[in-house]
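In what follows, structures are represented as structure tokens.
Across the two complexes that follow, subunit A remains constant while its partner is subunit B and subsequently subunit C.
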Partner chain A sequence: MGVKKIGKQTVRLSEGVRILAAASTVSKKEGEGPLGKYFDKIVEDSTFGEKSWELAESRFIRENMELVVQKAGLKMNDMDYLLCGDLLNQCTASTFGIMDFQIPFFGLYGACSTMGESMCLGAMLIDGGFANHTLVGASSHFCGAEKQFRAPLSLGNQRPPSATWTVTGDGAVVLGKKGNFPCITEITTGKIMDMGVTDANNMGAAMAPAAVDVLINNFQDTGRKPQDYDVIATGDLGEIGRGLVVDLMKKEGFTMDGRFTDCGIEIFDKNTQDTHSGGSGCACSAVTFCAHFYPRLMSGEIGSMLFIPTGALLSTTSSQQGQNIPGIAHGVVIEGCGEKEDK
Partner chain B sequence: MGVKKIGKQTVRLSEGVRILAAASTVSKKEGEGPLGKYFDKIVEDSTFGEKSWELAESRFIRENMELVVQKAGLKMNDMDYLLCGDLLNQCTASTFGIMDFQIPFFGLYGACSTMGESMCLGAMLIDGGFANHTLVGASSHFCGAEKQFRAPLSLGNQRPPSATWTVTGDGAVVLGKKGNFPCITEITTGKIMDMGVTDANNMGAAMAPAAVDVLINNFQDTGRKPQDYDVIATGDLGEIGRGLVVDLMKKEGFTMDGRFTDCGIEIFDKNTQDTHSGGSGCACSAVTFCAHFYPRLMSGEIGSMLFIPTGALLSTTSSQQGQNIPGIAHGVVIEGCGEKEDK
Partner chain C sequence: MDTSKRAKQEYDQMVKKASPNSPIFTNCLKAFFSGGLICGFGQLLLDYFSKTNSQEDAALLVSVTLIAISAILTGFGLYEKLGKHCGAGTIIPITGFANSVVSPAIEFKKEGLIFGTGAKMFILAGPVIVYGTFTSMIVGLIYYFVGR
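Take a look at the complex of A and B:
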């Protein structure tokens, strides 16, 4: 086994990779939610002045990535690699969002787990000695996602209670080597898990087994239990998916208590925002991490966190052809600034 | 700058990552081409006994990846990470192709440059100390790609001479640390390049600037010139794209001679196979590398190679909305077995 591998699916970084800055740009509905005051930028018009939703998503990416690099006190040219992805066909939101930056680019597709995938690979590129700084992120857009995956919004289709609401926005972080910043210390990479769910309006159920797989492997590989983290946050399981994870983990002998939350639950107020089971989309975990968790890791309020963005690996074609909806999730262990010494 | 970074876009691996095995599985048309006798498996029926082209592509992936692991004398369980991608919406060919393997998975989207992206990241994960073995690959399917990107085959649309023919199949390699095998020594990661091409039937022109960007950066970062490699092979530029690269490089002061070829030119016989400008698709560079170049690197016939899979970053939506077709490419420097000592 490689020296950094500490179990079947987990690696421990040599020195820890610092999260130098985090930025989130969202649209009106997200701004009206419980996390409204923590986002860096709220764009009232979800078309962002562009002529299509797809171009709007690219603009969310571009402006938010420019913002996070600026927040890190760096220049775009300081970024050795950029890693990101989105939900649109052929990841074009990312392509057109970042191409003007002219940074070596690795395009990712992990569905709504993409923020986890980009943080994992972005951190490993630094810890492996290939980069000083990486810029990583993920994005989604409610209107673009509905149009592509479900039905045109103007049809006014009813949404079942198990449905989630795709978050509009972009979340991005700059990773680096030095300074007293929250630190990525371990990575638990997920496998694709398929438990036979076929309902595209119940993504929480489709993704729950992937979150469980990452949780169990993280605990086995590190010897920890859920209570060893201050916060465990999945990406976009929503109310239903979170409940399933609690049940499934109980069967495995783990008690998931109040320190286990889900970004899809945090981002919207289900009682006033008509979002049913919660938020979803690549941006859900990305912006919730950047706006809600990062500042608390920075202040030391959160000492350690297991962040697990979750994704459902379907397309309209695979669903229409009757295939299951497999899920994937990636776990990122982050230590806050409280007890850690600056290296 | 990180210790492994040797220029703006290039890193040099500490010890070189070995390509322990390569495998290619293709369909009938590829089997009838000039490389026919070198493919590991030729499947006469491009549906591969499945009920959809999408499922067929997943089967090409699954069977070829099983084959390459077997050729490496290893078990699937020995693979620390799997990295791959394809052209289908939401990369579902890969999802359903590899999910039964139950290996930690990073899904990639680099369009037809995906074999380059997967080799780059798969090699860096090993060289960075995170893995002993990675399984990396890329796939495409002519029928699935035509259906999704252009028009149903049964319409019988005419193809212009600048069009290329999507290769059906999967190419995959197993990367590792030890043994006298061809060795990945350097990686030049590409940026997204947009030169204003909008014709989706002229992908070679859309991708040529990305190949040129990688070539120039590789030469600048390493101090080499084209003649320092025995072979330089782009992914799927075809005749037209290769010609453009030669012209563009000449303007930059570099003479690209006969040692510069393109996998899309190698794989089909344009005079007898009606493939117009050449082969394309993620599988084009993947299977051509595995069947045509890998054995010659293994035998020492090729001493050094710069392999540059190329990709066009479009979707039907971005094209229909009038956006340009940007390109990306990733460069992988591979040394043959001739002069290298076993470590």
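Take a look at the complex of A and C:
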């Protein structure tokens, strides 16, 4: 077992990896939501002046990555590695978004858990001594995702109440070693969990077991309980998935209270924005973390947080061939800048 | 966590309980009236076209008119708004068929006229055509042997 491993699925970084800056760029609908005033940039036109949804997503990535590096007071050349991913086939949104930066790149696919995956690996690269700064992020685009996974936008079909709404945008953070910033201290890597869900319109149900597995393993490995964190936030389970996590955790003997929320619930107002079960997509957890949680970690309002982006590992092919929809989730423990309790 | 077969069955029950059903009654009601309105409008058109055309030409003109209206509404992004509320009411009539051809044609325009619009245009309507033809063939055979 590695010296930093503290249990079955969790590692403790030897020195906390600092989150030097976070930035979020979203589209109009996200801007109209409850978190509207916290986003760095809201682009009214979801094509972002590009000629396709795919190129638009690339532009979201490019401009947001430039913004976050600038917010960190650094230059793109200071970044040792770039890690990011998206939902488009072969992660082409990321490819065309970041290729001009000419930074060593690891392309990631964790479906909507990509923000968790990129933060985990980016922090490990720094803690392992392989980098001073890493730039990590994730993105998605409602129109591109609908086109690839579901139906053409102008098709007059109905969405069931369990469906979620893919967030358009990019969230990115710069990780580094020094300074008084929120710290990534522990990482609980998730396993692929398949509990037999096949309904592609109920992703929350498909992903909830993966989130539960990360929660249980994090608590077992660290000896903590849900109440030891100020905030526990899953990625994009939505209302239905969050409810299922609460029920499953109860069976396992843990009480998930009001500290447990879901980025998909935070980002949209389901009553006025017609988003049904909540927000989804890689950008859902990414932009919600950057706009909503990071500033509160920075101010010390949140002392410690367990951030668990969740992903559904399906493709149109696997789904049409009748395969189940397995889920994945990654847990990132982040401690704020405020006075830290002795551990 | 427990991933046994029994746990999966239990989870399936939990998911069913937690996931709200679509409001079937109101959906049916909306579909009934919106579908009926479209068909009623079709009948008005038929009466109008019948004044100056043969019955056969008038029926054709009705189809063409409804398809044109649906295609234009789809192009302006309005049909999806109707479809959201009307559901089957706007999918089942010929207007829905037109929408299912025009919407992928627009969506995949960026992939070019051949591999985009041309190839993807019938991605949704294709199965309807294939199985519509197939069913009519079966019905025709039954009619040939039994119905006469």
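Heads up, the rule we're going with is that the second predicted complex is superposed on the first by the 339 of 343 C-alpha atoms of A that agree within 3 Å, B and C clash if a C-alpha of one lies under 4 Å from a C-alpha of the other, contacts with A are read in each partner's own complex, and residues count from 1 in each chain.
Basically, contacts are C-beta pairs under 8 Å (C-beta built on N, C-alpha and C of every residue); 3 or more make two chains touch, one makes a residue touch a chain.
What you see is a predicted model; the values in this text were computed from it and never measured.
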Kindly classify A:E117 by the partners it touches after superposition: subunit B alone (first), subunit C alone (second), both, or neither? first
Tell me the contact category for A:D257 with respect to subunit B and subunit C: first, second, both or neither. neither
Applying the touch criterion given at the start, work out whether A:D228 contacts subunit B, subunit C, both or neither, answering first, second, both or neither. neither
First (subunit B), second (subunit C), both or neither: which does A:S52 touch? both
Partner chain(s) touched by A:D194 [first = subunit B, second = subunit C, both, neither]: both
Partner chain in contact with A:A151 - subunit B first, subunit C second, else both or neither: second
Per-residue touch tally on subunit A - higher for subunit B or for subunit C: B
Touching A:I216, do we find subunit B (first), subunit C (second), both, or neither? second
Now for A:E15: first (subunit B), second (subunit C), both, or neither, which partner does it touch? neither
Now for A:L244: first (subunit B), second (subunit C), both, or neither, which partner does it touch? second
On subunit A, positions contacted by subunit B and by subunit C: 52, 54, 193-194
What residues on subunit A touch subunit C, complex-wise? 51-52, 54, 147, 151-162, 193-197, 202, 205, 209, 212-213, 216, 240, 243-244, 247-248, 252
Spell out the residues on subunit B that touch subunit A in their complex, using ranges where they run on. 1-5, 9, 11, 14, 52, 54-55, 80-81, 85, 87-92, 95-96, 98-99, 102-111, 117, 120-121, 124-132, 148, 189-194, 313-318, 321, 323, 326, 328
How about subunit C: which of its residues touch subunit A in the complex? 1, 3, 7-8, 11-12, 14-15, 18-22, 27, 74-75, 77, 79-84, 86-87, 90-91, 96, 99-100, 102-104, 106-108, 110, 124
